[in-house]
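Sharing a structure here in structure tokens format.
A, B, C, D and E are the chain letters, set down in written order, and residue numbers restart from 1 in every chain.
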Amino acid sequence: MVPVDYYIILSAILFTIGALGVLSRRNPLIIFMSIELMLNAANLAFVAFARVYETFSGQIFVFFVIAVAAAEVAVGLALIVEIFKSKKNINIDEMNSLKG
Amino acid sequence: MTTPTYTDFYTLLPYLILTVWACVLLLVDLFIPVGRKGITAFLAALGIAVTLGFSITQIGAESVGFSSMVALDGFSTFANILLLSSGLFGIALAYGYTQRFNMVRGEYYILLLFSVSGMMLMAQANDLIIVFLALELLSIPLYVLSAISRKLTSEESGVKYFLLGAFASGFVVYGTALIFGATGSTNLAAIFAQAAAGVTSGLLLTIGAALLLVGFGFKVAAAPFHMWTPDVYQGAPTSVTAFMAAGAKIAGFVALFRVFATAFPSLAPELTTILWALSAVTMILGNLTAISQTNIKRMLAYSAIAHAGYILMAFVPYGNAKVAPTAIAAGLFYLVAYAVSNFGSWGVVIALEKAEGKGLEIEDYAGLAKKYPALAAAMTVFMLSLIGFPPTLGMVGKFYLFRSALAGGFPGLALIGLVTSLLSAYYYLRVVVNMYMKEGDPEIEREPWLALTTGFTAIATVVVSFVPQFLFMLAYTAVMR
Amino acid sequence: MNSELIVFLVLSLVAIATALGMLFSKNAVYSALFLVLNFVTVAVFYLLLGAPFLAMSQITVYAGAIMVLFLFVIMLLGAENLKPSNALPWQKPLAILLSVILGVEATYLLLARARSSLSVTSPDAALNTMDSLRNMAETLFSQFLLPFEITSILLLVAMVGAVVLTRAEKGAAK
Amino acid sequence: MEFLLQPLTLLTFLPLVGVLVLLFINAEQKSAIRWTALGTSLVTFVVSLWVFSMFDKSNPDLQLEAKYAWIHVAGWNIYYYIAVDGLSILLVMLTTFLTPISILSTWKAVDERVKDFMIFFLLLEVGMMGVFVAQDLFLFYIFWEFTLVPMYFLIGIWGGPRRVYASIKFFLYTMAGSILMLLAIIYLGIQAQNTFNVPDLLVRLPDLYATGQIPSNVQMLLFIAFTAAFAIKVPMWPLHSWLPDAHVEAPTAGSVILAGVLLKMGTYGFLRFNMQLFPEATVKAAPVIALLATIGIIYGAAVSYAQADVKKLVAYSSVSHLGFVMLGLFALNAEGVSGAILQMINHGLSTGALFLLIGMIYEQTHTREIKVYGGLWKITPVFGTLMLIASLSSMGLPGLNGFVGEFTILLGAFGSKAIGSPWYAGLSALGVIMAAVYILYMFQKVFLGPAGEITHHHELKDLNWREIVTVLPLVIFMFWIGLYPKPFFEILAPAVEKLLSALPL
Amino acid sequence: MHLSETINTGFYFLAPGLVLVPLLGLLINAIFGKSFSEKMVGTVASLASGTAFVISVLLAYSVSINHGHTVSVPFAEWIHIGNLKLDWTFRVDSLSATMMLVVSGVGTLIHIYAIGYMHEDVRFKHEEGRFTRFFIYLNLFIAAMMILVSGDSYLMLFVGWEGVGLCSFLLIGFWYEMDTLARPSWANSNAAKKAFITNRVGDFGFLMAGFLMFWHLGSFQFDEVFKAAPAIAHESPWIIVAITLFMLVGVAGKSAQIPLYIWLPDAMAGPTPVSALIHAATMVTAGVYLVTRSAPLYTLVPQAQYIVAMVGATTALFAATIAVGQYDIKKVLAYSTISQLGFMVAAVGMGAYVAGMFHLITHAFFKALLFLSAGSVILGLERGHHALAHHGHDDHSKGKKKEAKKVESGHGGHDDHDEVFDPGDMRNMGGLRKTMPVTFWLYMAGTLALAGIFPFAGFWSKDEILLDAKLHFTSIYWQLSIAAFFTAFYMGRQIWMVFFGEARTDAAKHAEESPRVMTVPLMVLAVLSVAGGALNLPFEGFHNLGHWLSYTIGEVEGLPLNLGVAGISTVLALLAIFISWLIYGRNPLKTGQVDPLKKPLGFVFTGMENKWFVDEGYGVLIIKPFKWLSQFLADVVDWKFWHDFVHDTVIAGTYNWISEVALSRYADQKGIDAFFNSWGDFTNWLSGNVRKIQNGFVRSYALSVLLGVVLILGYLILK
């Protein structure tokens, strides 16, 4: 018997860690990974709730999230690779020619 | 296993047509030689036009389909028409621009079609799953399009847009999870029913809704989720920016309207204050920061942020059943006004833009009126419309917006809106000052589609302001279900 | 305290630890590997929660495909380590502060205010059968047909996008 | 077609025909452009005479109405509703009268971008007339704001060295005022079941006030909101800071229209909207407004005297003169209000003439500094004589128009129950002395005395026929109103009486 | 209407002609003047004025045959609003008819005189239009003055009142580009402006009186006001007091009483006929007329009457002292005029309306005569000077003047730092009795009348005032008597200095007599000055004027001749003349000699000479502070505070306070950005910081998003 709240708390902690990663890391790849972590945290919550309600729809939602994450990864990595080709560097802090 | 019925297809017909068309075009494009990508543009436009035609036939139709995951109603049809028109304008602006800046690619138009289809899906979404997927479907092409010119700034804007967009969609997913947790469903109607029944944990639902709001706020560029906007708008190719500024904003707002008005009216007491604050902060921040801009793309980006605030204002009283329909109708109306002026002004920007990002400083507009009086006049009309000055559509739109804010009992918000409009006059007028009151020798590109777009939007901005009732009627009936 | 709870707590600690590991690793490769561990842990949670199909998907798609892609790109770009910079000295403290606040808020809201009385029982054997998988598939292809199709389009778009971004266009200025 | 042939509609939008024609004339054909613009404005004037001939003086109500449902959807009852009554017909006439005169004055003065100039000018005329005829608040607001646009360009493109500053300041100041008014308009509309047209509001508002649906403090707030817009436009002290800039930088024709008509939009707004829609608040606020008006009168006169620039002097004198108008309006008695309305016309005539004349000499010398002139009368007697008449009219010499207005205003204010004290009128009458001080100072330093620097070194020419024709109509009206104002008062009287009878005095 | 019928009923219908005919003359001259000869212009103007005189006569006749009934002649409606009913209505009664006769009569004579004078005026350089303009102004003046005297309401009176003020302004500033000595200067125009503004101060009082009248008595129309007044006076007398005292301010302005008399001496800058017509005979008496007209009001409030009388008496004495110390022939007359006006105001203040009016009439005769004769003297001197200069040099006028200065450089006087020959300075005269005999005799007639020597007109009228004063207010009587003494003294001084002794300059030596066109009108005036007393002799049955005016102002008891008063005044006058002979006549002034009074009187004479420094006082007390104030308001309050600080700094500054201004990067931007140039580093620092938030870093942007989330959740917690 694990209260569902525990799962939610866990997912919230993971989500927060992911957010912190986005905020604090300079490597876009790690930022990206942090985002994946956030999505994972959300997925965990989803599955937990799905368990509570005993429906599939929560699980299926997670399935779609995973698929979308894959799509995002494809585009995201392509972008990062591209910008590396141009800049020879992927430090996100150096991508600030646009500002003000 | 059930097979989709006719109703299912009919409900989603515009989206389906456009998606199929885009997929087919993807193949066709392979056989179109590089030098003649104009054909792709034409075919893409044709696809949108065809879809638009279907969409128009659907005015007044109402149905739900695909396990009530999507809905067809006046609201979605209104949004579809608006989005498809935006797509047309987007193509018209892109046609010459891509040629001029040496970025002619068939995929440009195909991605644009997909993005439009995502936006339409967003408008029709009746389930949070669809909302999420549609959000991604409209976003991913935009990420790519932002980076498509492959200049450094363009790529930078793409990466920024992408990372922040993904970050924001994380909140959407988490919010959806919480909503699911609270109600056991992702279907908007079911959520509403659950929430109304009062059996769920209200707070969980509220937090979920708030996190959804973050996601939508990001898409429509509401403060404090707006910060990507200026950078992305500036860095992205101008034709993409124009499309993005209108399309993404419309899609974000229609989804916001639908989701919140359908699923969360019961949360209004909590959410109203948040919406109020978002709207106020967005208007203030957008307008204030715009003042100091010297680059017209950035300035218009901040203007876009500010306008998100204005439109949000219409949405603040969404929980008040008496006011909500007119308020949301006002929001829709203003979206139209904004979209029209937006395309027009970006059209002018495109006309003046030079390679290597030259011609984008506001000073570069000096002397425009003397040399190209029609273009300057059109730009003046757009600027006035964005300020909310008669005789333009923007003025009528703002009138409605402020009215709904007042009717909803938010005079403070209306006042903030008005005062920030005054602030905005200052930076919009700066463009006018440069065009009319300074000496300069600007050069413009003469492109037929560009001219057509600016001309059409300018005339529409003025003329429709005199006969706005049909538009308002459309918006109003769209909302009244 | 029952065994399930103990398992949960242990796994939770692992998940949080791996997440933190990802967060604090200087080397991007380590980060990626930590994340893979995290994903695997989460997959175990899925199993605990009666979602074996998702657990499998998680491991194959996420831990497998996606993270390998990540690692590949990291290696390709040589982006394991970035030169230290002190561009935004206030960013990190502020970020940590905000995250802590967020965590506290979330915990408070979820534990103290939005507490649901529901709890999750041990894995139901019935759920982990082929029947349940079939049921799920049926649901997926009937009720969730549309999202499924949309996802396919989405993947197509992503593919096209990736190609557009990386392929040098003939005649296009670079 | 029936819609277009309605007299007031026709009148209001007639200049647009000229605009359309101008759009198709090559910008290089300056004289064709000038004649087209002048012709349009003259035709408009003739049409306004026709409209005037149909106006029934004895009728206190709105006349020549055109009322069409405009935006009538879902709780919106906005009408295209235009009409005139005794309060506005004279201002409409003033507009159509001053426009051709202003256009004539630009014949030589504006030589660059003539086409744009004329287009903006005719658009401005449409806006101004719309303001005076609109009877629906929404429509009014549109016209009201719209007038800003062409004027903004007139100042900003054809103005003096600091024109951009002045034009933006003009725009922002006036827009700032309008904002609060817009808020109040919308609020009114919501409270009165989505009605925006003034006659309907006048029917519904008393109930709303009586039942407390609009409590009296809210009424006061609404009054203040409208006041914000109008007071800036007037401009009432201390909101006048945009005026000297706008006037000094504006081209002559712009100054004429600005002083002649645009400022009147503010006072007219008080008359038409504040006083009718918010009667209790009007009565309550009368002493405060009278105080501000009095300060404005004295202050404007004192500041005028210290100016080194002729145009600026006249600009500040407007602050003083419009103070009189405000004082008269808020005397809330027949004498004061009628006098104030007449004074609006008078100020348009006399200040308009002053700006015209200053513009004419400026064309020759390109300076407006008072001290470089002197002894001009000797060289340009006709100019001097016309200037003298305009000056005397401006300082309120009996027999000329200014006196009739100022006298009735002061008389009304002196015995006003609403203001409640004769001191305001007494102090304001000091403004009459001060008017003599600054006007005579200006006249003396420019026209009398020994020849100044400019007068000495320039080959100055007296006014030519075109210029005389430009000013002469104004002069004729100055005498007419001064000697025989009866026809003008007759037009006002019924409407003013009706207006006042509705006030809770 | 047949003529015979008209003769029986009256010529009232002609009343508007009083105004219209001069206006017609004006228009004719204004429109056709260019093609007219000088004579023609003068004739037209004189005819217009003359016609007005004829109409006046006919109207007077009409009044007399109708037993003095007051008749209102409506002409047109003017201002009708609510209770306010103002019409252009003429009032014909004995009082207004008297004034009409004086104004148009004297006016016509002066018109004729001016034809000659203006032609001869040395400043007149045959400028096209100038001559015409003069007569246009004169006609305008007649018209305005007619409105003043014939109006049926206070407001119509006020119209004329301001109208004559305007004419006064125009005519004082007739030679606007020079000073009285024809040097390029602001002096004349300053004098004109001063006159107008001072009069406006008076008009302010008039307006206030009018407002009070309307709101408390309900009308501006004379009869209605008078009808309502007694009741009000009973209830709240302060209202009537206030009305009458405010009216006194107007009177002081127009009739040059303390404290507003200061403009009149300066008004001598106008051509001499103007001085005679406006600033002696007609316009300045408007105040006296006003008080007389308002007799029913003044009678109700003795306090106010007393104040009026005191003002008049004080002015009479005060101005007389100044006249003693003047050298300019016209200035002496100007102060004399102020003094005599003081007599009149004192008289009407005491309720002696007939005496006041009587003195008004006689004064019009002899003061016009004196001024015109003075003009003749000045012209004579000019001619002499001119002939001399012409004789010596064949240069054009400017050169002539320079040379003339050298010739005249020897003449006395303290104010000759600019060496221009002043033909009005009595120190430049002397012995003109021989060269200008006609003028001399005419001048003598005027002088004796003014000095109040039996049986000249002035004697009768002045004695009547003195007698009234003796009966009612002793203090005023003594003041007036002393003033009369001074009057005789300064007139004597003038006669001795101007006409007797030896010529002190070459110009005086060569002075020539004036032409006929000038002297004939003077003769008429001289006759009137001599015999004018017959109008109202203090004998039973000879109170003609009193009887005549009683139709209008009510029955006034005609006072019999009081030998005591008459004797004392005559003796005083003769004594004064004798003293003046002792000082000035016995030992005529030599060229360059200082005034013999200066030594014995010391600083007192300096005071007289300098008009008791009143102008300077006003300058320090009123003009300077006003100038300073307006400069302060304009520069500091309006521009620096409202315009620059409030608008540019506070409003526009705040506007950009938060957002960055791009000053650092676009410091050289002109125009619009110059808008913002004025604020300090602080605003730059602040605004720069806000813009810095948009720093281009993805992480920071994400931070902003998270901040939003945190805030929203925080709100939900706190809610």
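Here is the rule we go by: a residue touches a chain if its C-beta (ideal position, glycine included) is under 8 Å from a C-beta of that chain, and two chains touch if they have at least 3 such contacts.
Fair warning: this is a prediction, and the values are worked out from it, not measured in the lab.
Asker: Using the touch definition from the top, list the chains contacting both subunit B and subunit D.
Answerer: Joint contacts, listed by label: E.
Asker: Give the identifier of the chain nearest to the protein's overall CA centre, each chain being represented by its own CA mean.
Answerer: D
Asker: Does B-E or A-C have the larger number of C-beta pairs in contact?
Answerer: A-C
Asker: Taking each chain's centre as the mean of its CA atoms, how far is subunit B from subunit C in angstrom?
Answerer: One centre to the other, that is 30 Å.
Asker: Just curious, how far off is subunit E from subunit D if you go by their C-alpha centres, in Å?
Answerer: Their C-alpha centroids are separated by 36 Å.
Asker: Counting in whole Å, what is the centre-to-centre distance of subunit C and subunit E, each centre being its mean C-alpha position?
Answerer: A distance of 101 Å separates the two centres.
Asker: Hey, how far is the Cα centre of subunit C from the one of subunit D, in Å?
Answerer: Each chain's C-alpha centroid was found; their separation is 70 Å.
Asker: Would you pick out the residues of subunit B that each touch at least 2 other chains?
Answerer: 129, 133, 136, 140, 143-144, 147, 150, 158-160, 163, 167, 181, 203, 207, 230-231, 426, 433, 437-438
Asker: Could you say which residues in subunit A touch two or more other chains, in rising order?
Answerer: Subunit A, residues with two or more chain partners: 4, 8, 15, 18-19, 22-26, 28, 31-32, 43, 48, 50, 52, 57, 60, 64, 68, 71-72, 75, 79-80, 82, 92-93, 95, 97-100.
Asker: Give the residues of subunit D that touch two or more other chains, as numbers and ranges in rising order.
Answerer: Residues 164, 168 of subunit D touch two or more partner chains.
Asker: Every pair of chains that touch: which are they?
Answerer: Per the contact definition above, the touching pairs are A-B, A-C, A-E, B-C, B-D, B-E, C-E, D-E.
Asker: Of all residues in subunit C, which touch subunit E in the complex?
Answerer: 87-88, 91, 94-95, 98-99, 101-102, 105-106, 108-109, 113
Asker: Provide the residue numbers of subunit E that touch subunit B in the complex, in ascending order.
Answerer: 655-656, 658-662, 665-666, 669, 671-672, 687, 690-691, 693-694, 696, 698, 700-702, 704-705, 707-709, 711-713, 715-716, 719
Asker: For the complex, which residues does subunit B have touching subunit A?
Answerer: Checking each residue of subunit B against subunit A gives 129, 132-133, 136, 140, 143-144, 147, 150, 152-153, 155-160, 162-163, 166-167, 169-170, 173-174, 176-178, 180-181, 184-186, 230-232, 234-235, 293, 298.
Asker: Note which residues of subunit A are touching subunit C in the complex, please.
Answerer: 1-10, 12-21, 23-27, 29-30, 32-34, 36-37, 40, 43-44, 47-48, 50-52, 56-57, 59-60, 62-64, 66-75, 77-82, 84, 90-91, 93
Asker: Write out the stretch or stretches of subunit E touching subunit A in their complex.
Answerer: Touch residues, subunit E against subunit A: 660, 691, 694-699, 702-703, 706.
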